[in-house]
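Take a look at the following structure, please.
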Amino acid sequence: MADLINLIENWIKNLLLGWGASAGLTGFILQALGSVLVVMVCFAIVIVLIWVERKLAGRLQDRFGPNRAGPYGIFQSFADMIKIFTKEYVTPAGAEKGLYNIAPVLAMASVLAIWAVFPFAVNVIGADIHVGVLYIVAVGAFGILAILMAGWSSNNKYALLGASRSVAMLISYEIPMVIALLVPVLLSHSMKLSVIVEAQEPWFIFVAPLAALIFSISSMAEIGKAPFDLLEAESELVAGYHTEYSGMKFGMFYVAEFLHQFTVGALITIFFLGGWTGPMAVRWPILGVIYFYGKSLFIYLVISWIRLSLPRIRIDEMLDLNWRFLIPVSFVNLVAVAIADRVMMEFTLARWIYVLVMFGMNMFILWAALAIAEKNDQAVEREEFPPRPVAVPPGVDSK
Amino acid sequence: MLNYWLYIGIFLVVAVVVPLVAVLLPVLIAPKKPSARKEEVYECGIESKGNVRIQFKSQYYIYALIFLIFDIEVIFLFPWAVALGELPIFAVVEGVIFIAILFAGLIYAMRKGALAWS
Amino acid sequence: MVPIIIFGLSALITLGAALAVVTNKNILHSAFYLVLAFAGVASLYVLLEAPFIAVVQVLIYIGAIAILIVFAIMLTRRIGSDDLIQRNAQWIWAAMGAAGLFLVLGWIVYSVNWPVVTQIVPEDTITILGQELLSTYVIPFEVASVLLLAALVGSIIIGRERE
Amino acid sequence: MTIPINWYLLVAAGLFSIGLYGVLSRRNAIGILMGIELMLNAVNINLIAFWRYLDPVRMTGQVFAIFVFTVAAAEVAVGLALVIAIYRNRDTIVIEEIDLLKE
């Protein structure tokens, strides 16, 4: 069989059992090896991604990007790594040492912890728990906590301001994100990630495009990069909550940000793009792993593309987008999907009719929401900025 | 079932230990020349004045508060979404009523201007 | 053996962190110790085979309540400083009362013979939970939403700054 | 070997007592709220322990625990809003100094 991963697992298991280890210890060692492998792959991906991202950014902005270290600058990340590992730590005077040092580790750990429950292929699943979706949401809480810790302990006004802004934004956008996540849960009747992946016939992006859109927007905000990079708006807040961090402690926040973006790609893949499924993925589990990482990388690049193209939005616009648009729309969408799904379950419909109805309904809600939002927006605009002739200076009565 | 959680426990330990090692490594190999100048708090080059722990807007608190309420709502909705397939069709209506009541809260907050950034 | 070790660690973390919460001089540090105590309780829930409650504990207590408390402390910053005495005059009586209560509770816990059943927990507790929530407990389910609405409206009215 | 129910109950009793001490000994209103949170957590441990050992097939214990979460959240939201409102008006949240009704 081409089941390479289980082959290796069984080989290690038999080897350990052959050495006289007990079954419990063998299981423990296998689990430890598995988790170390997943974590290491995450780090390896980030090292590659930093180069990819910089090259892509350069190309999109009509520059070369890194091109000195090695062919096409592919060793740039390694040069950066050597630099950052040999950099001195500067702890600001008056910092609260304990919280200050825990924060970067916690920020990284909270992103890594999400990877514990991912299904990588048909039989390569992390922890296939019944509360997988909620676990993913819950673990994110530690990231928010890490930001608060960093901001408070740095003894710096900019860091504290940046942290409180970041947290306000993160918790605001978590609401539409979680409500959008309810839609795949509702459609697959399970919070188990493996069940959600296998229930996607066709992919949920076709059944629930609106939920996918809302989830993507709000999790892009959760990443905290452009166009939602208000937390480190250089011109206003210096560098946000990690202003006072240097060397590898800053590096941890930086790496966590990159990994978070890739993790968001993986989450969108799992919930809306069918996870590891693809041609021949059931027979050849190794293909499933490739599909999973490939799709995640694709989403990652799309997110990068979007954020390299759009300017930063203002904080009031951003909060308005969330509270006045995303949250109401996600609620309406959830209710509509729940009713439609349950009602159509009563009749035995062909799958394609079901998908078509769902897709049409989603599109209608999106259209209606945009129409209403546009109308409100125009009303607000007219009130605040009444139109006036172009050639007349302000203050002069044009009539 | 607990086996999975053991894996998660191990994973969490690994997820904390690996960044910890990465953060501790420079302590061994990086130079260390602390000076009072270097450790000054950064504030665009000028000296920092006054209490650093500035008081910030209560608007942030309002956001956190609404977030808490909706978080609680979500924990009711997840079991609802999971069990919906095996419940009578009336259960959808119950869930919708639940959502509608809280949606009224959101509308109220919006009307009161509690969500606006001033 | 493994569950007992994990139980011991979780109990130790929970109780140690809880003690730090009530005795720490810096109220903000108390809040972060509170997070640790919540995390310890969450791992106890996992050991009790209630994973849903465990993740909800993390989601609600750490993800929302702890953050709300930290925000409130930052908003009322003067009390966050170390120089304010955080303990009142009758703390010694409070300590004795709490210790007495613990002794009484401990005595009850050990003297009662708890009627334990040996049924195992069903595989998928969440589906059952959802079904019970929407059939047996449907009235509390709706009332919970009214309670949340009341809390939302009430705290917005109280907490908002008046112009 | 399974863990006996007494151990969980003992941990919950300890947590409850610590929380009670916090409520009684803190001068700071937010500190008191933290103590109450600890006590509510102790209650929840008991609920889940009894659910696990007495009636694991039905979900009554878990449902109760969820309602305790709800009440705890509502209590924190309103309680902290009150604390902030008092702080804004009286510039203190030391409980002994909030004694308008005494005078």
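Note that the chains take the letters A, B, C and D in the order they are written out, and that residue 1 is the start of every chain.
As a working rule, a residue touches a chain if its C-beta (ideal position, glycine included) is under 8 Å from a C-beta of that chain, and two chains touch if they have at least 3 such contacts.
From a predicted model like this one, the values you see are computed outputs, not experimental measurements.
Path length between chain A and chain D in the touching-chain graph (shortest route): 2. Distance between chain A and chain B, defined via averaged C-alpha coordinates, is recorded as 14 Å.
Annotation: 6 Å between the Cα-based centres of chain C and chain D. Separating the centre of chain B from that of chain D, both taken as means of CA atoms, is a distance of 21 Å. Inter-chain spacing, taken between the CA centroids of chain B and chain C, is 17 Å. Multi-chain contact residues, meaning those touching two or more other chains, occur in chain D at positions 66, 69-70, 73, 76-77, 80-81, 84. Annotation for chain B: residues touching 2 or more other chains are 1, 5-6, 53-54, 56, 58, 60-61, 64-69, 71-72, 74-76, 78, 81-84, 86, 91, 95.
Contacts with at least two other chains are made by residues 2-3, 47, 49, 51-52, 56, 59-60, 63-65, 67-68, 71-72, 74-75, 121, 123, 125-129, 133, 144, 148, 151-152, 155-156, 159, 161 of chain C. If the chains shown are joined wherever they touch, the resulting network has some other arrangement, not a path, ring, star or complete graph.
Residues of chain C touching chain D in their complex: 1, 3-4, 7, 11, 14-15, 18-19, 21-22, 27, 30-31, 34, 37-38, 41, 44-45, 47-50, 52-53, 56-57, 60-61, 64-65, 68-69, 72-73, 75-76, 78-79, 84-88, 90-91, 93-95, 97-99, 101-102, 105-106, 109-110, 114-117, 119-122, 125, 128-129, 132-133, 137, 140, 144, 147-148, 150-152, 154-156, 158-159, 161. By the touch criterion given at the top, residues 24, 99, 129-131, 134-135, 137-142, 144-145, 148-149, 152, 160, 164, 167, 171, 189, 191 of chain A touch chain C in their complex.
Interface residues of chain B, counted against chain D in their complex, comprise 58, 61, 65, 68-69, 71-72, 75-76.
The touching residues of chain D, counted against chain C in their complex, run 1-3, 5-11, 13-22, 24-28, 30-31, 33-35, 37-38, 41, 44-45, 48-49, 51-60, 62-63, 65-67, 69-74, 76-78, 80-85, 87-88, 91-96. On the side of chain A, the complex with chain B involves touching residues 27-28, 31-32, 34-36, 38-40, 43, 84-94, 101, 104-105, 108-109, 112-113, 115-117, 126-129, 133-135, 137, 152, 154-158, 160-161, 164, 167-168, 171-172, 174-175, 178-179, 182, 185-186, 189-191, 238, 243-244, 247-249, 251-252, 315-316, 319-320, 323-324, 327-328, 331, 334-335, 338-339, 341-343, 345-346.
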